[in-house]
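Take a look at the structures below.
The same chain A turns up in both complexes below, where it pairs with chain B and then with chain C.
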Partner chain A sequence: MDRLKDLPTLRIRTEDKVSFKYQGRALEALGGDTVATALFANGVRIFGRSLKYHRPRGLYSLDGECSNTMMRIDSVPNVRAETTSVKDGMNVEAQNGLRRQGFDPLGFMDALSWAMPAGFYYKVFHKPARIWPVAARQIRKAAGLGVISPDFEMAGRYDEIYPHADVCVLGGGPAGLNAALSAAESGLSVILLESRPWLGGFFDYRSKLHARAAELALEVANNPGIRVFTNAPVVGTYSDGLVTAFQRGSKADCFDERYIEVRATSTVVATGCIERPLLFENNEKPGVMQVGCAHRLARSWGILPGKKAVFSVGHDLGLEAAIDLADLGLEVRCVADVREDGQDPRLVGELQKRSIPFYRGWVATQAKGWNRLRSVTLGSVGGAHERRFDCDTLIASAGFTPVWGPIALGQTKMRFDLHTGFFLPERMPQNMYAAGRLLGLCDPASIEASGRLAGLEAAAGRGLDVAARMSAAREELEALPGTVRGSKLAMAPVKGKKAFICFDEDTTVKNIDQALSMGFDMPELIKRFTSAGTGPGQGGIPGHNLPLYVASSMRYQGEVRPTSMRAPLVPVLVATYAGANHDMAKRTGLHESQQAAGGVMERVGVWIRARRFSQEKSARAEVENVRNNVGILDGSTLGKFRIHGPDALKALQRVYVSDMARVVEGRMRYSAMCNEDGCVIDDGVITKLGENDFFFTTSTARAGVTAEWIRYHTRYDDWDYSIVNLTDAYGVINLAGPNSRKVLEKITDADVSNESFPFSCVRDFHIRSIPVRAMRLGFVGELSYEFHVPASFAQSLWEVLEEAGKELGMKNFGLEAQNTMRLEKGHVILGSESEQRTTLHDIGLGGLWSRDKARWKTVGAVALTHTEHQRGRLKLVGFKMEAPASKPPLDGSPIADGRVKGYVCTARYSTALSQPVGMALVEDELAGEGCRLPIFEDDCGGRLLYAKVVPMPFYDPEGKRMKS
Partner chain B sequence: MNCERRSPVTLPGRPARSEKRDGWNVVLEYEGESGGPLLIDLSHGRKWDLQDVDIARFKPFGMSIPDDPGQSRLENGILINRMGRTQASIWRLSEQVPDDTADPAFTETTEGQLLLALAGPNIFSITEKLTSLEFDDSSKVTPFLLFGPFSHVPCQTVVLSRSKRDGVLLLACSRGYGRDMTHAILEAGREFRLKPGGENGFAAAMKEIAG
Partner chain C sequence: MALLINCPVCGKRNGYEFRYGGEDKGPRPDDESLSQASWCDYVHNNNCVAGIQKEWWFHKDGCGAWFTIYRDTRTNLEADTSADTSIPEVK
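For the complex of A and B:
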């Protein structure tokens, strides 16, 4: 198709040719084209098929207000062709059964519309239940809008940005531009968000206002106080001046889409209006389009919407478009205006000058044709007269709908305004100001003046003294033409069998009538019952007509309000919300060496840790090496804290169950913390560094919340203590195994013999020149040292230990081996052997609880008293599999004897015992020694595994090895 | 065996000049550093946490603790950030100053924290891609401290100087986040040509601040 040339309003670059594919066919577009305009220029008229009835759908709004032009673009389904710029090499495919333009095998669904009345889904799809799985699959196949594979990975570059400003202006039309300028001239920083790729709004494509739009846009661009984001639709507005949006990037940008989160003190909403669809039979046929769509298609993209057109409009912009398009070469057969009067006489005169028939008080009643429009029937609003016109294009619009979504999200109530025919806010949300067409203004000068006033109001809201300027701006606005009387007609005088109130969901006026006759009388309920406005267009098409039509039915006596708006106002890719998606994880100071040694790294909470050092999942070799020789583990993720000050001991007494007064320098004490219910939440060791000065460790998972936990539980006591999180400050290396002392002796002058440095003691010494705090612990049940070392030295210490252990055959071990060994030893890991309801007693750690320190009001102590002998609690038991050759059950497997009576916490094959062992939380009737535990596994096929409760620990019950 | 100390980060640049200092390998300058914003690793600089109910009685390095939380004080290469009613953080940004932190109320946190500096043009265009913290709050006088998520990680951030989108910003977070934090910042800064910078670059920026 030839494009219109030499129009000053054009947004295409004719010298910039773009090649893309549509349905496998190579097509050409121009730079600046959207996919929709490019397809239209290439003769495509059917862009999609509707959800239920598979009716052909065409270009309607150019702003993505409905699902008509959703397509599969570069393998991404449901992309709006109207708002997507065409790019070289793009692959565009139609979706929802459109195999070729003129034929859809499911087109017969339209004839079955009688079988799908309002509430069809609710009434039909619940019985008989057995057909539902089959029916659902078929319906989805027939009706789905796009198909996506579950393992689909979104390509592209996504970014995010969190700018701040004094004022955020939503909308880059004449009102928004003026608001931005007046706020910036007041000295405020301004962010302007515009959903289209350029500024100017409804001035931009109008021949007489285009120059003014360009002038304003230039002024804004040159103002250093204004930051402009074009191609950036607003997604939501929230309290405290939060505005969310997203921006579509171009080739020059470093993103394809980016999420924008603006924080501003004031917000100016100048989002203008969209057109309100006219309701008549077949109002969504390809060839029927909105006034702005037809006008912009010609003026911005140089494409005439058709050859012969009929206009059925309800506002002066429709008349202006008819005149302008006629001048550009469109044959305008006639113009019908639903208004009996109120037209701009100058425009009516211009129509007459061009001999275009003009029908006041007339409206389109029916469009005919299937894949293409053939003719239109116009009728008088009263329904007495009719005329038919052959045409290929019907440009139809009932009136305007203000884009009030950003205001409505501020939880303000919307009320119908009889003069404008708009739903307007009863009162503006705090620090939010409205300007422009959405107030009902139509005169260009008034729109600009209202923008200037709103900008100043925002400045006043920011605390600036702009009273005099505001008063002048208000006077200026009052002297200009005010709001315009709007057309309130919702429905042509027809039955509405195929008059679509919601294109996305194929909801007709008849469906609304059916809902009304069933007693639904409020738009909010009817919306849910008929699905009108629940489609991807977010209520753009039906949002205004639905309440107007319901009001006209007189079924509801209260004041009719529009249905609720919710964010996102415009659909956003989940990938855009994910943004740059930096996966922020913590790595220990030993990470590289773990990886270099073949560590299989896994995310464990916020950390990345080595699970094992071979592909063999049970890490048996690592276990055997520690049991028989010596191994080395990176344990740096442990929580580590210093607590100091005169009341530090009191704070420890409050949160730990043991008597912390018994913690002495040079020794460690193992203890646990409980919550108020006596349920165990953390464990670790505590040592004393000096007077009123302690060091303690927590589990990796609790490290992030420990300081707050202690502060929370001492918040009313006015105690003087300080707590410092040193988790990242120390690397921790665990040297474990019967030969570990031999390794240590080679690299330190300190006396590390069992006599000088016995089990459960802590010593500070140097290894080479590295200062270490060494602890004799036995989590894995062997002679073991835990070295706490300044994090920057951790790698150096690791290398020293590796070197020293080389001749003994020392090897790395990871979390899996550690887990197996501590299981053999009967040591619990909180979270594995406990859950929300597990008390200290339940896991056999009741002995840690000191009953003599009641005066400290230990957290959980009261509950521990009550639950100590409580029946019906799950108790931790050790078990061995009855068949030593069987595999260990999966962690989490239920223990089921007719009903679930517990579950397996951890189970592994024990090399030391040559059979699988495990720990389980079971009901007390199963907790006795010798009890038989029936274990169910997902893949057991009904054959339960059996285990027997045995005493723990399984390995070295006297603890000789770790104390040796 | 060389018992050297390792920074939580290795910036992806080729060091042009570096020196050994107290076991640390400190990069003074990277190749091709000039022009554009710099990301500088200052993790080797000593840092302390100071907590006391009467925190005002302390005069670390001869300096008063700022009166209100959120305020910072920078003198002679020492930065003190008032974090709360009873807590302050102290960062030694210059090697010229001797230590003065013997009181038990001080805890050295050098090892636990990653400390990075962003200096030069457009650094606040980079930071706004990673955080919603308001570094351009006109009601705040530099230097000032803001707590909050930076690339989703809890951080202490201090704006040392600011001129529209340019300036100097310090950022401290848990050491373990070092690799991902620098990766996130460098990635966000790519469009602004953010480069790794050496300690000399930071010293130059500090000189500029001092006037």
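For the complex of A and C:
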């Protein structure tokens, strides 16, 4: 199809050819086209099929207010063709049973509409209940929009930004542009959000105002105080000046879509109007479209909407469009205007000049044709006269609907304004100002003036002294034409059954009548019963007409209120909300060394750690090396803290269950923290550096919240202490195995004999010239040293130790080997051997709790008292598998009497014992020594594994090895 | 999150930066005076005021301070109560 050429308003780039596919056919579009305009230019008139009756649907608006033009684009279902720019190589497919244009095997559904009254699904398919699953399957096949493959993966680049501004202007039309300029000229920073790809609003496509729109847009672009986001529809407005939106990116952008969260002190809403659909028989046939749609198609995209057109409008923009389109080459058969009077006489004169018949007080009553419009019947509003016109296009509009969603979300009530016929806010939400067409203004100068005033109001709300400029702006606005009387006609005088109030849900005026006669009397209830306005377009099509129509019915007594608006005002991809989704993890200072040594790295909480150093999953060689020789482990992820200050001891007494006054210099103390319920949340060792100066460790997983936890539980006390998180500042290397002292002796002058540095002690000394804090711990059950060094020394220490250990055959060991060895020792890892409900008593660590420190109000102490002898709790036990040759269970649960009686926490094959061992949390009646645990697990094939409860530790029960 | 919170150290910041710490129930009662029921009541039960409530917040992505604010739970806006002593403390 040839496009109109040489119009100053055109938004297409004729030299820029884009090829895309529609239903498998290769089509050509121009740069600047949306998918909808490209398809229209290629002769596509039927864009979709309606949900319930499978009626053909075409291009109606151009802003995506209904599901008519939803398509599957590049495998993503339900994409609005009207607001999606066409891109090279795009694959566009029609939805909802539309195999070929013009034929739909379910088209007969329309003829059955008499059998589907309002509330049809609610009333018919629930009796008897067994038919619902069958019926639902058939209904879903026939209805429903879009198909998504279960294997579908969303492609694309997504991002998010959180800009701040003094003023956020919603809408880049003449009012919004002026508001942005006057606010920015007052010295405020401004963010402007516009949903269309360009600024200018309803000035942009009108021949006399286009130049002014361009001038304003240029001024805004040149103003450094204004940041403009085009292609960015507003999603929601919230308290404290929060506005959410999203932006569609172009090829040049680094994103396909991004989430925008604007925080502004003030918001100016200048979102303008959409058109209010005209209700008449077959008002949604392909070929029926709104005024703005037809006008913009021609002026912005160079496409005439048809050949022979009839206009049935209710406002001056409709008359202007008829004149303009006639000049561009459209044959305008006639123009009907629902208003008896009030038209701009100049426009009426222009119609006369072109000999276009003009009918005042007339309206379209019926459209005829099936896949294409063939004729239109016009009638006088009173219903006395009628005339029929052959045409292929009907340009219809009842009036305007202000886009007040962003205001309504501010929890303000909307009231019906008799003069404009609009729902307007009773009062504006705090720090929010409205401007432009949505107030009912129509005159271009008034709209611009109201924008300027709103920008100044926002400045005043920000505390700037703009009183003089404001009163000048107000006077200017008052001198200009005010709000325009709007058409209130809800319904043409028709008796038919197919006047659609909601396109998405196929809700007809007849359905509304049925709901009214059943006693539903509020728009909110009628909306839910008939589903009008519950489709993808929400209130876009029925939002204004539904309450108007309900109010015009004789049954309705109350005030006219619209149905509620809720965010999101426009649908947003979940992928956009998910954003870039960067996967962030921490590496220890020894990461490279571990990797170079063949470490199999994996994500553990926020860290990346070496699980093992061979492909063998149980890491048996690593275990044997530590048990018989010496191994080395990177333990840098351990939580490490220093707490000091006059009240440091008090703070520790509050959170640790043991008596911290007994911690002495040079010795470590193992203790645990509980929450208020007595459930154990953390364990670690505490060492004393000096008076009210302690260094303590926490589990890796807990390190992030330890400081917060201690401060929370001392928040009422006004204690004076400082807590420093040293987790990332210190590296930790664990040297373990019977030969570890031999390695250490080679590289330090300090006396590290068992007499001067025994088990459970802490010493500060130097290894070569590296200052280390060494702790003698026994987590893996062997002679072992844990070296804490400033993170920058960690790599050097690692190399020194490796060098010294070489001749003894020292090897790396990873998390897997550590886990097996600590299991053999019966040492717990919180989170593995505990869950939310596990108390200190349950896990067998009740001995850590000091009862005689009530004055410290230790967190969890009260609950520990209450639960000490409680029955029916899960207790931690050790178990051995009855058959030494059996595999250790991976997970699984002990069951008895057909009930789950707990679960397996950790189980591994123990080389030292030559059989599988494990720990489990089991109900207390199964916790006694010698109890038989029948364990079920997923892949046991119905054959239970049997284990026996045994005392722990499994390995070296006296602890001779770690103390040696 | 629409909520803005006034941190006494860092000033007005986005609610995303904070963690909620519950209603302000006052310091923990002494252990001796507690029954199991009164203990559970202190730990677990809340007043759930529809109105202005004093509550704890932690500036997790900031200074790391715990502090209280007054918030109107109906509007989710921080209430300015610096001069107003008529608001009863939630017990």
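Keep this in mind: the second predicted complex is superposed on the first by the 873 of 964 C-alpha atoms of A that agree within 3 Å, B and C clash if a C-alpha of one lies under 4 Å from a C-alpha of the other, contacts with A are read in each partner's own complex, and residues count from 1 in each chain.
Here, contacts are C-beta pairs under 8 Å (C-beta built on N, C-alpha and C of every residue); 3 or more make two chains touch, one makes a residue touch a chain.
Being a predicted model, the structure only gives us computed values, none of them experimental.
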| item | value |
| --- | --- |
| Touched partner set for A:729, first chain B, second chain C, both or neither | first |
| Touched partner set for A:803, first chain B, second chain C, both or neither | first |
| First, second, both or neither for A:642, with chain B first and chain C second | first |
| First, second, both or neither for A:712, with chain B first and chain C second | second |
| Which superposed partner A:588 touches (first chain B, second chain C, both, neither) | first |
| First (chain B), second (chain C), both or neither touched by A:263 | both |
| Which superposed partner A:354 touches (first chain B, second chain C, both, neither) | neither |
| Partner with the higher number of touched chain A residues, chain C or chain B | B |
| Touching partner for A:157 - first (chain B), second (chain C), both, neither | neither |
| Footprint overlap on chain A, where chain B in one structure and chain C in the other make contact | 162, 263 |
| Footprint of chain A on chain B - complex, ascending | 1-8, 23-24, 44, 49, 51-53, 86-87, 104-105, 107-113, 128-132, 134, 136-137, 151-153, 174-181, 183-184, 187-188, 190-191 |
| Chain C-facing residues of chain A, complex | 162, 238-240, 242, 263, 676-677, 707-708, 711-712, 715-717, 854, 857, 861-863, 865-866 |
| Chain B-facing residues of chain A, complex | 159-164, 189, 254, 261, 263, 580, 582-589, 591, 606-607, 642, 644-645, 690, 693, 720, 722-730, 768-770, 790-797, 799-800, 803 |
| Chain A partner contacts - residues on chain C that touch it in the complex | 2-4, 14, 19, 21, 26-28, 30-32, 34, 36, 39, 43, 56, 58, 60, 64-66, 75-77 |
